[in-house]
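Chain lettering (A, B, C and D) follows the sequence in which the chains are written, and residue indices restart at 1 in each chain.
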């Protein structure tokens, strides 16, 4: 069942090492069918070279495995938490891409230093608080990982469409989008802007973020009713 | 019409991801036919893998789309502004290449620290002032982007042949040349010298720029009547 | 003899340049047959492109070359020392991978700054003391290299299964695992976490290591009786 | 004539972009036939993709072009100066490889921080003094570039076999060896150790160079009568 959804998830997972975002088996991607309330996700710890579309595991929003011979990604509860909290998203990607992870490890937001960043995000890429020992050891670590993300977006009133990525403190980035292909694109952009931000900080350690007019212009050039980037209908 | 011009623009656009200067659909290249007053430019937001020579959009110097089923790059007015202001150039390239963009984001010129730089530029790669909110939000953002570049070159009396690239503050590099292939070459060189300058600054934070005799020697070895680099007639 | 063992060692050696861990002929991998007490190792200074499975040299635990027309890797005594001291390991890998070697040269541990690190190591990647002039010049340099590693693990009471890599001071990393394929995987991870740690330190020069609860959670998610990462039996 | 010599020079030139040492047409390699007193060198400014073995230009030690339809590399006089001063070398390579060039631009030696370095060099990779305006503008710039290298080696009493590379101040590295293939290998190693030294300096800005016993051990393991690295006769 859901052959097309599994194919989408499969292709997104393969795209991660192709874009240099993933080493070994770090990372995973999932694609959601909102009508059915089911998402397809990578099986845990399977090498990318050996992956096949039919290996994708199907999970419903209650966390039940509805299809698949393999064990799903250990991060499945984080994906599920995000699909539940952010109803407009259709795909989630998790990587340990090097530059974005360096910011996550340092507990630092990726500052919005230029138009490349503003093309994807309406401000800094946010970073969660550290997880508590209870959240880590309580038996639902991956679900709680999703919870600290949701808590951050709720408490700051962030729209997941305006901020399609987050850094989990001491861990790594998660990204999302209307489709899993879009979530992959955001993962590429997040890694790229993290790299550039790190270098800009080397040049100017106290560099301020960009002016709101430039942020608005670039973000809205690509998003929302006034967007004029790309082809109509794309 | 202008099949050869479209092929040139197409090949230049493809060369950008091949040289590692472009991720996703960031960036664009255009090729000018001065006799006809028409340039060919990449369509907006089309993936490089899907691009075909006949997708190139033809634009005249008044900004009218004279051929092409697709919407041209959103940066088209910047290219047009440069073609109007710099009559000797035949190609323009825009990238968000990582190291050059890091300097642009920091609002810093790329200092001329060595002969690699002097082979392409007769001094630092200049950086524009920041654009004003009025320029950003006034409805002609991309045209105004061209204007701040032209203003910089006019106010400093810079010859675009001596300085075939600029960093737009908070944004990214634009490069140009007699042909679009040359503009691609300058884009590669700009990224390369930005990378090396960043590392030289790590080693020597107060490193001075090179002496004028060395700058003159290397630049003129490759440019102008006394040039002796390369093959005659190349 | 031991055709399969030689093939494993051969494939592990080839994987090193494929993962970007090795330039030229720096580095080597060996695979152990515990039942026979013999390991297969790369011949010294042979280019990877020219390597064949049957070129692998067979060495026993007394250091005797039991098969092979070529001279074994000059680092063979280090491998042998590790196989003797760590009876549970079946493969050893030595690289000069750039970021890990930068830490080794600086005599610095790789600090455990995030979950990527904790997925592989139960703490910082340790670094040996410097070798003494006597150890260096006494005629058994490579054996003594193994000795300073063993001394470090013994004196700190480190379990080689919890810390499957070490940085030899002023030199470079060695990694190991139950199989040589696992040792290659650890070599990839070590390089990756060294890169990320270096960047996190650029962002936060006094960044503390992660909390023990997060370290325990990620390490034990993948290792030991409570592991639930990957597929059962993998 | 000298078909084999031209093929060697051709292959060495092609190896430079393959190893990531060269962008565009920066850099060149030459191979010497000592019996004939003639060397083969890359033609100037020809793209690597278009290069053919028969394009190599033959030059004698007086600087006369003895064969070849194309103009030789503009750096030919530097190669000739080195072949004259260092009679034991059979190949010269010039690159603008990024990390080594960053040191050259900063006027800094590459410090000997580890065994990777000591496997190739018997100390820091030296850097020349800056060239004087007279040397730069006097009409024999590339010959004078060779002269400042020779002056450095003479004044410090350096043996070119112990120090097979130099950084020309404000410019870039030159490397050499018994064969041009060996000079390419040294160019790869020089770039690699420059990268690692830059990172080690980020970790420890005042890191001392390695002890002389470790330097001697690694250098002599690979060079001279007591060498035991590699295969006999290689």
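Note that a contact is a pair of C-beta atoms (placed from the backbone, for glycine too) under 8 Å apart; a residue touches a chain by one contact, two chains touch by 3 or more.
Because the structure is predicted, anything quoted here is derived from the model rather than measured.
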>> Using the contact definition given at the top, which chains are in touch with both chain A and chain D?
In response: B, C
> Among the chains, which is located farthest from chain D on the basis of C-alpha centroids?
Replying inline: A
>> Under the over-half criterion for shared residue numbers, do copies chain A and chain B use the same patch or different patches to meet?
In response: different
> Could you state the distance in Å from the CA-based centre of chain C to that of chain D?
Replying inline: 32
> Just how far, in Å, is the C-alpha centre of chain C from the one of chain B?
Replying inline: 46
>> Can you pull out the residues of chain B that are in contact with at least two other chains?
In response: 202
> How is the touch graph of the chains shaped: line, ring, star, complete or other?
Replying inline: ring
>> I'd like to see which chains touch which, written out pair by pair.
In response: A-B, A-C, B-D, C-D
> Hey, which residues of chain B end up touching chain D in the complex?
Replying inline: 113-116, 119, 185, 188-189, 192, 195-197, 199-200, 202-204, 207, 210-211, 213-214, 216-217, 221, 228-232, 234
> Which residues, counting only chain D, touch chain B once they are in their complex?
Replying inline: 23-24, 26, 43-46, 70-71, 74, 96, 98-99, 101-108, 130-131, 133, 136-137, 141, 170-172, 198, 201-202
